[in-house]
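Notes follow once the structure below has been shown.
Letters A, B, C, D and E name the chains as they come in the text, with residue numbers starting at 1 for each one.
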Amino acid sequence: MTTAATDLRLDSRQAATGRRQRRIGGVLLAVENVSLRFGGVQALSGVSFDVRQGEIRAIIGPNGAGKSSMLNVINGFYQPQEGSFVWKGERLARMRPHLAATLGIARTFQNIALFKGMTTLDNIMTGRILKMRASFLEQALWWGRARREELAHRAFVERIIDFLEIQHIRHTPVGKLPYGLQKRVELARALAMEPELLLLDEPMAGMNLEEKEDMCRFILDVNEEFGTTVVLIEHDMGVVMDISDRVVVLDYGKLLADGTPDEVRNDPRVIEAYLGLVHD
Amino acid sequence: METLEHILLQPFRSIAETPMFFLEVLIGGLMSGVMYALVALGFVLIFKASGVFNFAQGAMVLFAALFFVGFLELGWPVWLAVAGSVVVMVALAFAIERVVLRPLVNQPPIILFMATIGITFFLDGFGQTIWGSDVRRLDVGIPTTPLIVGDLYINQFDLFAAVICGLLVTVLALFFQFTPTGRALRAVADDHQAAMSVGIPLNVIWTIVWSVAGLVGLVAGVMWGSKLGVQFNLSLIALKALPVLILGGFTSVPGAIVGGLLVGAGEKVAEVFWGPLVGGAVEDWFAYVLALLFLLVRPQGLFGERIIERV
Amino acid sequence: MIYRETGQFKASYAADQAIFRLVEDRIGMGAILFLAFVVMPLVGSQYWLETIMLPFLIYSLAAIGLNLLTGYAGQLSLGTGGFMACGAFSAYKLATAFPDLHVLLVLVLAGSITAAVGILFGLPSLRIKGFYLAVATLAAQFFLLWLFNRVPWFTNYSSSGVISAPPLAIFGDIWVTGFEATPVAKYLFTLSLVSILALAAKNMTRLKIGRAWMAIRDMDIAAEIIGIRPMTTKLSAFAISSFYCGIAGALWAFVYTGAVEALAFEINVSFRVLFMIIIGGLGTICGSFMGAAFIVLLPIFLNNTLLALGLAEAVALASHLEAMIMGALIIFFLIVEPHGLARLWQILKEKLRRWPFPY
Amino acid sequence: MSTAVLERPPTGRPVGEREPLLAVHNIEVVYDHVVLVLKGVSLEVAEGSIVALLGANGAGKTTTLKAISNLLRTERGEVTRGSIVFRGEDVHALDPPALVRRGVVQVMEGRHVFEHLTVEENLLTGAYTRKDGREAIRRDLEMVYDYFPRLRERRRSLAGYTSGGEQQMCAIGRALMARPKVMLLDEPSMGLAPQLVEEIFEIVGRLNRQEGVTILLAEQNTNVALRYAHYGYILENGRVVLDGTAEALRNNEDVKEFYLGLAGSGRKSFRDIKSYKRRKRWL
Amino acid sequence: QEKVQFIPSLVYRTGPYGPNGEPFANGVADYYNLVNERDGGINGVRIMFEECDTQYNNDKGVECYERLKNKGPTGAAIFSPLSTGITYALIERALADKIPIFSMGYGRTDAAYGRVFPHVFTVPASYWSQATSIIQYIGAQEGGMDKLKGKKIALVYHDSAYGKEPITTLQKLKDMFGYELSLFAVAHPGLEQKATWLEIGRRLRPNWVVMWGWGVMNSTAIKEAAAVGYPMERFIGNWWSGSENDVKPAGDAAIGYKSANFHGAGADWPVHRDIFTYLYDKGKGAGQRDRVGEVLYNRGIANAVIVTEAIRTAQAMYGARPLTGWEVRDGFEKLDLTAERLKELGLEGFMQPIKVTCEDHEGGGPVYIQQWDGKKWQRISDWIPPMRDVVWPMMVESATAYAKEKGIALRDCPQG
């Protein structure tokens, strides 16, 4: 590495941080006092935190801590026994999946949840469904709005495909793709919804370093270029500490810590419960 | 308004007026239900143990019964005929495992379901090629005269069937819950590939289950055969077993029994007391609609395994 | 390298979105249509047109209907027969109550009525899934047949419960139902209708609604989370599928047999159509045709071969053998290619594309 | 197992004329009759060693492991060329359960627990092939619970309802219950908390040392993998592009750059990576 | 070149009703073969017949029809669809193809009206006629038709086109004689009738039960009736509910059960002797020797006899050569099967004489009642002619309505 390049990177880092601080806005979503039980299992107990517009928010915690459950609560798949949400200042008692989608909350899943029988392109196009208006008849006849819409959305989706560099698998059924690519297609599908809030559940699990680096780049680009707010669950501390603005730590359903990466990293309770001795 | 009252109140009034008769219908229904359960049991076994929805169970009932009567007609003594039929059913299980299931490992359930429909065709054709399509009388000495208790008519034959069915269910339920093989069977139903990866030999497991299902089929075949005569129609009783199956839950052995009782009693009472108001023959769909309503409350049937939905 | 896409560049998304993306495919399709619309009516005997092509086409239509529901939207249904009966009986009621109604209108209305019924019986699918749903759809099958059999109003109080199609003309005196209809007229009428509906189905499946169906099929939870409403999606699948099945049933009663009783649509019909889509290939429109061809033609072919082999004396044996062979073939095809004939065809094309290289 | 193995630091390569426990000779794998995935992969696993199989997504790690455990056939894949030899026996024709009985057990990628069985029942199915009696199985169950205390807590819940990490533990525990000679581990660290990753590798290492289990490991987490493995192969696009002792690989410049992120001036921040790096390197 | 007349034979030897189709098909086959073997055909024109298995299934029936209709030198002479459903599906087609249909004791009842259905024959009796005969028998048992007033009669019927046929007639008679009629539909195939019989046997307790059943439904009904203690002597099946297949599976429970029939049971007629000598002794029989003479077997013979005699009549008009379907139709319309002719055929007393006219394709033949004694069917009544004055106007009315619906002009028939 040349020094020039290093300098450049440093510069860009400063620039990025500067921009970042300017762009992080008010609270986009606040989760208040959420409790979730499954029979005897207390998955979440009284968790509150907020997500600000434009930030990258990480959720970490040991396995089974309730991280995925938290995301499921946020997009309305699980109904918590207690708790409420504030979305852009508006209080919502209940969240439903469809409501979440219309509000602009998109997500990826821990165990890839792609539509296995469909091609990559079709999978990503499903992300646009909420934005399509054509009626049955128009679709059956491939006529009018159906045709116009399809082509317009296709153009949009192609941009995402370009962005994530998955052109070559456009027409491949996703079931046959290797794991890493599937994750990327899932991200593409979420992006196709043009979300305001993007929930990512372990987007980098099962990737090697290089691929993680790429994924990080994608996430940062999405965040910086489109201003999308990101909530991210990840077990790779390197990634979490490097790219997130604030970190929530959950432990057995309870909020253990909440703060900047540095605060969290040095919190003894977090070290004990989660980080352990991190080899770097 | 009047028709509404007619449909809603009239039957109850008539039940109240003839309580003994109602009891008779109820008992008769429960007994029929047991007979359905006998067939449903075969389905449950295979579903529980391999996740295969075995449409061929009805055909297996017919097939087993055909061989059993066939052997009897050859002049074999009963024990030999039983032994012979058992051998045939086990051989059938082997063949099905080897020819159909093994090549279809890890395929989606609907494919396996289709394959069992293929088996149905094959068995129907094969059994009748060998034994012809005549109606055959089967008499294994179960009394058919009604048992008269006080003013109640109870069918002795049905009573007998109920006992047999109860025994089978108990044995099978214990087997599934408490033996390693039972556990392995359930594991296979969940995930073929993972089961293989821990060393559960799918072939053996499947041969076992299909043999057991074949034997349950034999029992059902003998019972139904003595009731209806052994003939092609035996394979159609499978359709009567399906609502029992969903009501009880695909995966529950006791569910088959409870489902059977509910369906049997429900449809008989409905047919007798409500049937005449709408023209009769409601039995045909009543069980299905009943099952459907139950499912709306419990989508996995009464005793079925919880459907796991997670992301 | 006979069949390949190299060198065929798509200059626009529209071209890339076309149904047949390769010139070879378009030529093939053209040839098939030419054969079907021009050659067949010219050379086909009455036996071919009436007893092979008509049921084949009508079954194809029903298969497309079921495929939309089961293959695309993932809702396994065994109620096809019931829905077909619904189409047949509503068409009958419409055609007899309004004798001046045009035959196309009769069919479309019958289809729409069936669609409404389909929605009703689709409601449980919101909660019930998989084989549970399949068995639950049998409720539709049995209940509908019972209804048409039991309520004399549906058969205009015919003493036997049999309905027979009034003569209807497509234009002028070109009859398509009734005994004055010629086989060619019936055939071409059915063929055109089926072609149009198949095209419409293909369009739907590759656009928004089709994607929504497939999303629900592949992973309903994820679909819900990206904003697809399970209710509208599933019910629309039931509605459109029933629409197709309804029209198929009406054609069956009106154009093919001319007179039916409710029992003509018994459970075996449902199974048959299910066979078709599975043998043909779940989730493909052309597979529906292939499957229908297979299931309609195979028994006839088998029967004729067995007879030709001198088994004519033993009709029963021939029938039993037919059942056995049929069963064996179903299993055989499933083993060779669980994804159906359509996939087999695709693999063949794939091989052709790479030919002469093995991979 | 013999302590001899313990004392001599094992390598993937056999020392001298010693037969490797498991050897894969130049296999080719085709999916669906048309998709060629492995294009001649060879590797050897010496008894008592931990061998890591590294490589990017889609390189063919999982396929290699499945070829060995013969689970390929259920996915319409087949080995069209080459051979797989375990203890001198060609195992190509054996079915997976036969392999398990010989001691080759796979932990599949993506966990694959039996959702409708409880955690404990899951573990017990692992002992299906064992004939050494209830007592021994009980003991091993306790051992697994000692390794993974979290499983003990959740022993009565349906495995389908446990969290990702718990399922991973369950899958590994289940494989352990079969008392394997060779364990094929497919991405054991995926989705696990860092502490747990360490723990699991610790356990893997311990199994290897104490119980003498030979381990073939497909892993993305190169860092950890190379710390615990004795030998490694790097797969790219269906071919082995590099192999060597863990030591050698750790010091290889390319590996450092692309897998360990240690190029030049030590580890750099994820935030600072400005260029996309995906490319084919050795091909 | 040999002269042959092609007669297709739609049979069902398989499927849910196969057990019943089998003996019938054997009777038909044996009789045609007998005519060929013994007489060298009909006036020297050999019969070529081909079976096609419909499995009692409408689509298969249509396919069989289309496959066979053009076979032989002159096409199919006549079709016996052997299923009410198939008959309905073929009526229009056969008219277009100019082939007659002979539905003996099944099919569309009002098709007996020759002015609307020139090509359909339903001799010797239809379901409607049969229903009136059965009611007359019941009346006689009760001691006169006037005693029917207030009596309870239950009809248990197969829930299909076939089973529903007698309902209108029975209702009409109910209005005339004042009995109470209860209807019990049994869904195809009829495996489960417990509820029906509990209601009948334990609550309603009707004086008589009439059954329009088919296949497994019959034996099940008999068993269930016995299980609720309903007396067999008061249980009467129609002619499709009175074969050996219906009573044998029920065992001793069936003793005393009655049914209607329009031809003899047993193998004691000369024609059976011929069948044994010319066919079974030479190993050419279609079925098993000991099943010759079963009710359904004999019905097959009756069917074949009427067809051959119709062809014979047609040959008298057009010459002894292979005839087209429409020529056979013309002959059928002139068919006069007298007692003497029956005797010549070796069937004296086997069935009653049959005479067809242009207008009347049914003839209103009588039926008798038979009873199962555990081994054989015993004839226990005289021939009971139907109430033509009731049935015929109903048929004419119904057929005319059909003609109107379809826009068919009524054909003229010479009076007298």
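The rule is simple: contacts are C-beta pairs under 8 Å (C-beta built on N, C-alpha and C of every residue); 3 or more make two chains touch, one makes a residue touch a chain.
It should be emphasised that the depicted structure is a prediction, and the values quoted were computed from it without experimental measurement.
With steps allowed only between chains in touch, the distance from chain C over to chain D comes to 1. More C-beta pairs in contact connect the chains of A-D than those of the other pair, out of A-C and A-D. Compared with chain A, the chain whose C-alpha mean position is the greatest distance off is E. Between the Cα centres of chain A and chain E there is a gap of 75 Å.
We define each chain's centre as the mean of its Cα atoms; on that basis chain A and chain B are separated by 49 Å.
Chain E has its Cα centroid 37 Å from the Cα centroid of chain C. Looking at chain D, one finds that residues 35, 161 touch two or more other chains.
For chain B, residues touching at least two other chains, in rising order: 128, 133, 279-281, 284, 310-311.
Counting partner chains per residue, chain A shows two or more touched chains at residues 68, 77, 109-111, 113.
Against chain B, in their complex, chain C makes its touches with residues 76, 124, 127-132, 134-136, 138-139, 142-143, 145-146, 149-151, 221-222, 225, 267, 271, 274-275, 278-279, 282, 316-317, 319-331, 334-335, 338. In the complex of the two chains, the chain C residues touching chain A come out as 13-14, 17, 200-201, 203-204, 207-209, 211-212, 214-215, 217-219, 221-229, 236, 240, 283. Note for the complex: chain B touches chain C at residues 53, 99-100, 103-104, 107-111, 113-115, 117-126, 128-129, 132-133, 239, 242-243, 245-246, 250, 278-282, 284-285, 288-289, 291-292, 295-296, 299-301, 304, 307, 309-311. Partner chain E is touched in their complex by these residues of chain B: 18, 21, 24-25, 28-29, 31-32, 128, 133-137, 139, 144, 146, 153, 155, 157, 227-229, 231-233, 236-237, 240, 267-269, 271-272, 275-276, 279-281, 283-284.
Chain C contributes residues 347, 350-351, 354, 359 to its touches with chain D in the complex.
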